[in-house]
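In what comes next, chain A is part of two complexes: it sits with chain B in the first one and with chain C in the second one.
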Partner chain A sequence: MVMTKRPFFIWFVTPAVVLALFYMFGLASVLELSFRKFIPGSLEVGEWTFSNLEYVARPLFRAVFTDTALICLLTAAFTLLVGYPIAYALVRTKSSALRAAILIIAVTPLFTGEITRTYSWLVVMGNAGFVNAVLMGLGLVSKPVQLMFTKFAVVVVLVHFTLPIMIIILATALSQIDPAYEKAAQSLGAGPVRSFATVTLPLSGPGLIAGITTCFAWTFSAFATPQLIGGGQVNMIGNLVYQVGIASFNFPVAAVLSLAGVLFTMVLVGLMRLALSPLERIPTR
Partner chain B sequence: MSRWLYAVAGSLCGLLIGASPGQAAEKLIVSSWGGDWRDMIAETIGKKFTETTGAEVEFITGGTIDRLNQAQLAAGSPESDITFTTAHVGWLYKTGGLYEPLDLSRIPNAANIFPEGKISDSHLGVWSYVYPIVYRKDLLPADVKFESWEDLWKPEYAGMVGLQDFDPSEIITVAAKLSGGDASNWEVGKQKLLDLKPNVKAYYSSDAASEQLISTGETPIQVMLSMMALHQMSQGVPLAVQIPKEGAVMGIDTVAIMKGTKNLELAYAFVNAALDPAVQAEIVRRKKGGPMVSGVEVEPEIADLPGVFMTAEEWKNGAIVIDPKLRSEKLSEWRTWFSENMMAQ
Partner chain C sequence: MRTKLASFAGKAVVVLLLGFILLPALVVAVVAFNQASLISFPPQELSLRWFVRALTYRDFQKGFYNSVIVMCATAVVSVVIGGTFAYVIDRYTFAGKKLLEAVLSSSLVIPYFTIGIGFLIFTSQIGLHRTYAVIVLTHVVLVLPFVLRSVYVSLRGLDQRLELAAAGLGASPWQVLVTITLPLMTPGLFAGVLFAAILSFNEFTASIFITAQGTQTLPVAMYNYVREYADPSMAALSVIFFVLTTVLLVLMNMSLGLGKVLAIVERE
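Showing the complex of A and B:
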């Protein structure tokens, strides 16, 4: 006779279910608001309407959605390029002191808020900031290079912002890879680069996917960084929702843009996972 | 031993009774911006109010829009008794039924309020400021002048100007005025605004960002809140403040009593304290804003500061006043157009 037990641990998902329900109720409220008419000069909303949806098709909003996707993609890519070596060093170093130092340096940015970090970058990248002072001091340029209020500056700051997350995710994935595999490859004649490219990198595939999609999705909601570093010249979806919707008290438009942003994120992240899925299958070949 | 226990128990009971709510000091809850603004209100209006009534003031602080949203959610059972906000956002509170209509006979100090200060039957102006042209004297030629708003459009200022992004009311109204219109028919100034685009380097999202941009020289010319500019000058930043001949757009911050307050008497006393001439003088000295009542006396060097309008005559000659109700109705339209046409690349 087979004895079956009711799984006890199923009850641990109860808090998550409750939170999900609250989230769904919130989304439902936003959805309802997005189909209501805006009344200028009033906090109340009017009758049901589909007219708010036309905002999504306007050139400005299409451009901002496109820019947001591009900035998120670039941020995820550069965060991966910078974060992978740091995560590798963190996991593979034999020195516990060095490991602790790398971990502290990698994670410390998380201890400061987004606003504090962004203001610090204003000082670094301004016309009279650290970078231009060095460039001009070395005689490489004769006048300040315009770094602020550009997509480049926004991506740099966002990379700094998401780097700790990428490092933590990648370090977790890399720590699951048995160093014996690398040793085996090298004992069979593979050099360090080939061993990395053909053994370590493919085995870290799931971590790469998790890191890229997490950083991509997280960057989508960036607000303070593009607001301050972009100076109104570089806008992401969050800035648009704030400028056109919330700060104008046009909450129906803010709602429809927010929902469009959520759907857009889900579609893009889904496409990204699809594109990266071959990496997930490599370790099981 | 039992007598000792009875003594301790009796003392404890005495302490508990002494701390009962019925004997706690009366308290008025005020909603305002935080930081310097909160401190200024506490140390001027709040101080006068406490001296007069014996009641304490407690603050809820936050941004303009955040507090509006909170107030809307708490409608009927307000979290504060008094709210400070801008004049046009105050209209949103009023149309949302969040304000108590004011009985001016219960506010004796309102008898001398400037006409522009009577925003509605529910909220009154408590101080004013302007958005003039502010520039770095050390980063522009010594002979530069902004005698007219037209000077902001000069080609030599390409890539030097900073503007607000959270409320384009000022520059929209100025462009309309230069094009022969005003805030109500602002569309006449659309081309004028588009012509300004090459001169705009960045849009600042807050007063703090505005200060940061001009103090670092990123945007050496700004349309900037006069109070912030004068504060920066006091900190040593080499700025010049210029109100062009057409005038500068006026901003007014307001005070109101929340509907449903359980401290109506105290709330009226607070509003009356806010309009006390001596309190108004102290506000002018601290923040370099303009008073909202006549008969306020301050030192000449403060009264002469740009944007500090002490008399009705100065209001008439120097201020461009946008009707706050119109502003609250037009803001969304202005912001959408501004975002789509001025800020979009």
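Showing the complex of A and C:
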């Protein structure tokens, strides 16, 4: 009897299907609106058109796309540099209490939300902020260093933002590497640095790829950070979508931009995968 | 000697990097307890006035109220959908399973503003424009991958022989589900509820597209505040956020093991 073999199937799968449908309709309306004419001053949209597509090619928008890609790349690279040692410590620390502490410190920023974190960085990097107070207190500079509204500041905050994701991915990859390999290398005379560089690092290759590409895609979503830290001087795609969509109600163009954003991420992530693929070809056990 | 040096240098680096993660939270705490009405260092006089101001400011109160409503609804709905679907993934095979799973996990890689604007457009077409329902729907989509993962982890670890034993002793499928499976899933469901609650309460990037003046959640109210005022009320509120989130994460770590649940992003 089919009923007894799958007693709850229909009941249990239906909520998920309904949600997936709603979600798909939501994404589909982005697609639909991308090909509708914008009628200024009205929330209604006009007939089908391809003319919205050319917006993406405008110099202003193109500049934002390249800036976004650059910021995402820098963020992914620096997140890797900062995240790797922490992930390594997380996996190799012996005391379980210490491990729990590192884990909680490492992932808390993921859950405190973009606004709270961004505001905190505002306090750290503002002209009257913590960093400048320290620099001036030490007599290193005589007037505040302009940190806010720079790409540098945006990248620093975004690194902080994506770090938990990177650490989780790297720690997952590292936890699958048997520490015995490293020990073996060391007993054969390799120093700690060499055994790490020739054994552990290459073995964590797939984790590196997953980490870099996920962080890249994750950074793409950034909105509050470039908005508040960049202060209009540094714009990412999310800010553009918001300006066009919410501030000037041009939903068709906002839709095209966010669609272009999705495709752009996918293409770049695909290219990065391809470029990083040599890392995947590592000698496995 | 070399080994010791490398190990010490390694530890120092890790401590410094953890310091980088903690820095904003610590700095904001210093500002929040400082009497001065502009952000300034070093702090002069200890005061709780910014906490009072943050807790009595009308937009924050209204935002908090909205956020709590949305958070509770999101937690309930997402744990029902995530719980049932995790069960389906674990126990059944069917056509389109992989696709459905991919769709419901895709919010991890699709920009939140795309999802936000998608729901904004779609729901205004079907007349749900900017209601609580829209915010809850969006939040459920965003938190579901996390909820799915935590429930799935606890289902994986469940010994199915217990269910077989109960069935063999004459329990109906319903009775097995309610008396055996559900209690054993509790840690996963609990972690799922916590995940959903924390993420929903903090969600901003999609929310700013789908909330209106009357339904704005706390993070959206905070964003609007930062753009208008420079006093440390926001710092006080941020401290409350940091403390609450940390407490919840510690709780979750004790209930299910945060490490196990978080393996989520591994499959990307």
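Note that the second predicted complex is superposed on the first by the 258 of 285 C-alpha atoms of A that agree within 3 Å, B and C clash if a C-alpha of one lies under 4 Å from a C-alpha of the other, contacts with A are read in each partner's own complex, and residues count from 1 in each chain.
Convention: contacts are C-beta pairs under 8 Å (C-beta built on N, C-alpha and C of every residue); 3 or more make two chains touch, one makes a residue touch a chain.
Bear in mind the structure is a predicted one, so any value in this text is a computation, not a measurement.
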item: Side-by-side fit of chain B and chain C on chain A, or clash; value: clash
item: Chain B versus chain C as contact partner of A:Ser258, first or second or both or neither; value: second
item: Touching partner for A:Tyr119 - first (chain B), second (chain C), both, neither; value: both
item: First, second, both or neither for A:Met148, with chain B first and chain C second; value: first
item: Of chain C and chain B, partner touching more chain A residues; value: C
item: Touched partner set for A:Ala247, first chain B, second chain C, both or neither; value: first
item: Which of chain B and chain C A:Ile86 touches, first, second, both or neither; value: second
item: Touching partner for A:Pro40 - first (chain B), second (chain C), both, neither; value: first
item: Clash with chain C (superposed arrangement) - responsible stretch of chain B out of 5-13, 59-67 or 329-337; value: 59-67
item: Common interface residues of chain A - those touching chain B in one complex and chain C in the other; value: 43, 119, 122-123, 126, 128-129, 228, 246
item: Residues of chain A touching chain C in the complex; value: 4, 6-9, 11-13, 15-17, 19-20, 22-30, 33, 43, 82, 85-86, 88-89, 100, 102-109, 111-117, 119-124, 126, 128-130, 133-134, 137, 160, 163, 165, 168-169, 171-173, 191-193, 210, 213-214, 217-218, 220-224, 228, 237-238, 241-242, 245-246, 251, 254-255, 258-259, 261-262, 265
item: In the complex with chain A, residue positions of chain C that touch it; value: 2-3, 6-7, 10-11, 13-14, 17-18, 20-25, 27-28, 30-31, 38-42, 80-81, 84-85, 87-88, 92, 94, 100, 103-104, 107-115, 117-125, 137, 140-141, 144, 173-174, 177, 198-199, 201-205, 208-209, 219, 222-223, 226-227, 234-235, 237-238, 241-242, 245-246, 248-250, 253, 258-259, 262-266, 268
item: Complex interface listing, chain B residues touching chain A; value: 65, 68, 72, 91-92, 95-96, 165-167, 201-205, 209, 212-213, 216-218, 325, 328-336, 339-340, 343-345
item: For the chain A and chain B complex, residues of the former touching the latter; value: 38, 40-44, 58-60, 63-64, 119, 122-123, 126-129, 148-149, 227-228, 231-233, 235, 240, 243-244, 246-250, 253
